[in-house]
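Both complexes shown next keep subunit A, but they swap its partner, so subunit B is in the first and subunit C is in the second.
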Partner chain A sequence: MSRFWNTAKQLAHYPSAVVGLLIILGLVVLALYCLFTIPYSEAIRLWRGGEDIWGDYPKNAMPAWVNIFPGVDVPVTIKVDSAETPETKDVGEFQDGMRVTTIDLAFDYRHGDFPAEVSIFFTSTFESSRPFISAVWLTPDGREIRIADEAIGRTHSMRLSGNRTLQRRLGNQPAEVGFFLDPNSGDQQTALKGRYILRISAITFEESSAVDAKLVVYGKAHGLAGTDDRRRDLMVALLWGAPIALAFGFLAAVGTTVTTMLIAAVGVWFGGWVDFVIQRLTEINLVLPLLPILIMVGTFYSRSIWIMLGCVIVFGIFSSGIKTYRSMFLQVKESPYIEAARAYGASNFRIIFVYMIPRIIPVLVPQFVTLIPSYVFLEATLSVLGLGDPVLPTWGKVLSAANSQGALYKGYYYWVLEPSVLLMLTGLGFAMLGFALDRVFNPRLRGQ
Partner chain B sequence: MLLSVKDLRTWFELRRYGFVRVGHVRALDGVSFDLKPGEAVAVVGESGCGKSTLAKTILGLEPPTAGEVRFDGRNLGKPTRELLRWYRARVGYVQQDPYGALPPFMSVKRILEEPLIINGVKDRHERQRRIYEALTQLKLTPVEDFLNKYPHMLSGGQQQRVVIARAKILEPKLIVADEPVSMLDASVRVEILQLLRELQREYELAVIYITHDLSTVRYFSERIFVMYGGKIIEQAQMEDLLADPKHPYTEALLRAIPDPHPKNAETMREVPPGEPPSLLNPPLGCRFHPRCSKMIEGLCDQTEPPEVDLGDQHIVGCWLYTDQQS
Partner chain C sequence: MTVLIANMGGYVDDIRRGQIREAVVLSMMSNPEIGRLSSEEYQALIEKQVEVEERRLGLHIPFPIRSFRYLWNALTLNLGYAEQLTSDSGSKLVRLIILERLPATLVLFATAYILLFILAISAALFLSRRYGSFLDKVVVALTPSSAAPGWFYGIFLILIFASALKILPFGGLVDAPPPESRIAYFLSVCKHLVLPTAAIFISSIFLTIYSWRTFFLIYSSEDYVEMAKAKGLSSSQIERRYVLRPTLPTIITSFALMLIGLWTGAIVLETVFNWPGLGRLLYQAIGMHDTPVIVGSTVIYAYLLAVTVFLLDIIYALVDPRVKVGAGGARP
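So, the complex of A and B:
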């Protein structure tokens, strides 16, 4: 334990180690936070969800924090729901076999830019006669724009942005422009700021029938991370990417270094045919290309991240590390203290575990730390190649989706930048800590 | 007899290509001696004469090619695991390089605990007690100051005392000390040797003290073995050998002991000409004959000399004394 604190104390002298540790700590906290707030099953449900979950989210929205820059004014999503705010609803008396309900969905619009889309979602209850609604758009300067008069079902979506009739009525402009256009803005079309009202008159034909409406004015910015082409909040993937990346990197690094070191130690200590077999296996494995094998496994067998992890470990055992560790162990094996241990009767396994392995742990620890991000990158590489886990959201899969949607050509830079920055931070954190650990454990490197 | 070694040979294979063997280094080539309980003997000889190989073969670290090692009457020829355990708990080993002999990642306490754990001292308090006892005996006091230190925090003399404590902690009957002071400062050598001597007397320990430095032998042993070219060429009581060396090589060795007297500043000492013998192809006959000033043509370079017993435990392997056999 005192050795641990000694190492920690020495590490504190290296700013890079402190920064690296902070980054790693941040990632670990992020991972833990995410594991506790979004459970595994919930993450998968969210990430695989469609319109039912993400219907109210804008498509391809940039992160909302872009608005903190001066001169940037990107509209965010506005949502008004009569079911949540009953005061917007005016329910009339039931007379002559019908009832008139008026819903006024009002909101303040304060952006110069137009929103991305406008949609209205109706829900109604009835037994056989469908309610009839008419919707009117009231602008701040008093104009009235008729939207539609039609009968609705139990759920009814009006995607106004794609509505051709409405577009023609608005002078060949899509709804999100036509509704908000300032008539005096001329060619430089800007939105009119002020209070807009969507007025819906619903006629229901049954005593118990009721209607609710929800207006969603989709913005062009959302949340901390923005959204993708399927309206999914990228934050889910960015958050969940952290525990997956760390777990994958850590497990792969542990799985390969520990077994590699053990096998190298056993080979060196027993020598003879044991060493021979290990060396030849390593040489064969060294010429096998890992990535094509992983691609093959992913294509023909399974893309599950655990199968991939298993393959990475299995092919990583007889890696070049065996040669490195072997050269160190060969030196350790000849130490007089090993001879002394044999003289007082230490068994083979005691010599390997208690006398040989602790001797090279100082070399192992920094290597281990710098190995973690290389496996994190491997996972991202696999995902970008389309071999990511089919259900789990990871950083690599966000990159892969961005790539397949041509995010960079369309200007969705945040979609590529966010996972990349996280990946780079991970690599940077572990690398900085690893280099500092190397100097602490191998004093010969100091002062260079 | 505690230890009895008969015609012990340890040859190292040079290299093997399939079934083709290139040759052997005959590091030990027919060594025989007996050791009584509680007896201290010194083995002297120049580098490469097989002293360390003798130590390692006796300790069972190198398998002998031929010959026999008996300890307390048991033959250690092809030892079973049980026999080896029994033997190793009764023999201690002190190496030349004290820093290398201590695992650098273990504290002194752990270093001394290891042999006890391995040899089945299960009780923690018993281990603790023996560690305290050993450290106190080797004057590493106050013990608490040393328990949690790592080898690199100790001086060379302290390190060597920890090594001796480790060799002694299992209460062995025999300690093999392979040049225990040659890497230490001259100032601590005598101290370490005296400590070893005290232990030897107090516990009736047999000690095999291996050295190339005849000047330290006086402090230590009752008998001296002189090795040359993988053989013991002369063995005798210490006083006897120092006063009256028989073998020409022993004479030369004794003459080479430096004597810090002003009148010696200008004189060149006479040393045997030539090189130590090749152990790969040892010379025919007596191994010392190419360098010997008293070589008898046609005898020494043809036939190996017999072991001549001159009485009073003085045995010499030389043709010059065959007529004095007692």
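So, the complex of A and C:
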């Protein structure tokens, strides 16, 4: 234990180690937080969810915090639902076989920029005759724009931005521009600020029939992380990427270094044909390209991240590390204390585990720490190639989606930058700690 | 080994059989003649077509035999025919497809590695002389940047230079359409080469300089270097004869290990930069489940690795007089 504190004290002299440790701690906290707030199954459900979960989220929205910069004014999503605010609804008397319900969905719009889309979602209850609705858009300066008059089903969505008839009526402008355009703004089109009202008059033909409407004015910014082309909140993937990246990196690094070390120790101790077989296997394995093989495994069998992890470990066992450890063990094997252990009758495995392996732990630890980020990036690499885990959200998958949707060409920089920055931080954190550990454990490398 | 993994369990065969069946049924449905046949005749025709197609792809041979045949073919570079992909000249020979892509990969990596090697050696020598200086500390501090692979920096470079500044192309080998004259073509390739090379370069330069600098430091504290200093030799002479010479073998070994690591990273780098090389070919083949091409590319990668190692062994023998190829008087 005192040795541990000694190392910690020495490490504190290296600012890079402290920073690296802080980054790693931060990531671990993030990972734990995410594991507790969004359980595994929930993460998968959210990430694979479609319109039912993400319907009210904007498409390709920037993170909302861009608005704190001066001069940036990006609209965020506005949602008004008559089911949640009953005071917007004015239900008339049922007479002559019908009832008129008026829904006034009002909201304040304070941005110069136009929103991304406008949609209205209706839900209604009825036995056999469908309610009839007519919707009118009231602008702050008192203009009235007729939207539609039609009968609706139990659920009905009006995606006004894609509506051709409406577009023609608004002077060949999509709804999100036509509804909000300030008529006096001239060529420099800006949105009119003020209170907008969507007035819906619904006529229901049954005593028990009712109508509710939800207006969603999709913004161009959302949440802390923004959204992707399928309206999913990137935050889910960014959060869940942390535990996955850490687990993958850590397990792969543990799996490969520990097995490699054990095999090297066994080979050196027993020598003879055992050593020979291990040596030849390592040489063969060194020529096998790991990534193409992983790609083949991913293409032909399973893309599950855990299968990949297993393959990485299996192929990592007979890696070049064996040669390094072997040369160290060869020196250790000749040491007098091993002779002593043999003299008192220690068994082979006792010598290997108690006397040989502890000697090279100092070399192993820094190597182990620097290995972690390389496996984290390996996972990202596989994801970018389209061989990521099919269900789990990871940083690499976000990057891959961004890449395949041409995020860089279209200017959705946040989409690429967020996972990249997190990957970079992970890489930097472990690498900085690893290099510092290397210098603490192997003072020979510190130079003169 | 590779071949076995590529086909193990015959799972792929099932996928491919399914694909064949679907393709046959689709082509049948688009044929107006079929409508007149009865359903039994129709089924029989489908079965026959499927069988013909399976025979064409060699699926009727038992799996283990097929694996050995694949293996032997792979070793002799007789890589067979692609199932879906074709080369630009329209050939389905995997060998031709790969040969067509290989130059692009070699151009990119030769440029990057030669640059990397020369710059890293001179920078490492320079820093070993100024051990502990500000520049030295900067390089040491930047070493962790090598944790990220090249493609990762590639994305950033595209973002900055292609997307935001719009001064360099997003990717590809030449402009579209390719320029007519040879010089313009060459310049266009150079322009497209800048970003991918820079990506490889950034991802490995600092770690390389750092480790080579350490080698130089170790060797420059040897007694014979002190001796040379005492003799009054100029510092450039000392560097060349007494520091660089003995360090080269170590450096070349580390360079070889780095090359091996980077070869495979090329797959994603080429994909990110749309570079029409071997890596991108592999990526396309994955998308199409084109087994011969995947196996072929993997074999070529293995050969490239072996060639790299072999070449470095030769260079090793050239720079280190202690290593004698085929030396020993006992030979008959």
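Keep in mind that, in the parts below, the second predicted complex is superposed on the first by the 445 of 448 C-alpha atoms of A that agree within 3 Å, B and C clash if a C-alpha of one lies under 4 Å from a C-alpha of the other, contacts with A are read in each partner's own complex, and residues count from 1 in each chain.
One rule holds in what follows: a contact is a pair of C-beta atoms (placed from the backbone, for glycine too) under 8 Å apart; a residue touches a chain by one contact, two chains touch by 3 or more.
In this text the structure is predicted, and so the values were computed from the model without any measurement.
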So, after the overlay on subunit A, do subunit B and subunit C clash or fit? They fit
Using the superposition on chain A described above, determine whether A:Pro292 touches subunit B (first), subunit C (second), both, or neither.
-> second
Between subunit B and subunit C, the one with more contact residues on subunit A is chain C
Is A:Ser16 in contact with subunit B, with subunit C, with both, or with neither (first, second, both, neither)? second
Q.
By the touch definition at the top of the document, which applies to A:Tyr218: first (subunit B), second (subunit C), both, or neither?
A. neither
**Request:** Answer with first, second, both or neither: which of subunit B and subunit C does A:Trp47 touch in the superposed model?
**Result:** neither
On the A-aligned overlay, A:Arg359 touches which partner chain: subunit B = first, subunit C = second, or both, or neither?
first
In the superposed arrangement the C-alpha centres of subunit B and subunit C open, at the centre of subunit A, an angle in degrees to the nearest 10 of 60
Taking the superposition as given, does A:Phe318 touch the first partner, subunit B, the second, subunit C, both, or neither? neither
Looking at A:Leu428 after the superposition, I want to know if it touches subunit B, subunit C, both of them or none. Which is it: first, second, both, neither? second
Across the superposed arrangement, the tightest C-alpha approach of subunit B to subunit C, in Å, is 13
Within the complex, subunit B is touched by subunit A residues 2, 335-337, 339-347, 350, 354-355, 358-359, 361
Touching subunit A in the complex, subunit C uses residues 1-2, 5-9, 11-12, 131, 141, 143-149, 151-152, 155-156, 158-159, 162-163, 170, 214, 217, 221, 257, 260, 263-265, 267-268, 271-272, 282-283, 286-287, 289, 294-295, 297-298, 301-302, 305-306, 309
Within their complex, subunit A touches subunit C through residues 16, 20, 284, 286-293, 295-301, 320, 370, 373-374, 377, 380-381, 384-387, 399, 403, 408-409, 411, 413, 416-417, 420, 423-424, 427-428, 430-432, 435, 445, 447-448
So, in the complex, the side of subunit B touching subunit A is made of residues 56, 59-61, 84-85, 88-89, 91-93, 95-97, 100-105, 114-115, 118-119, 148, 163, 166, 170
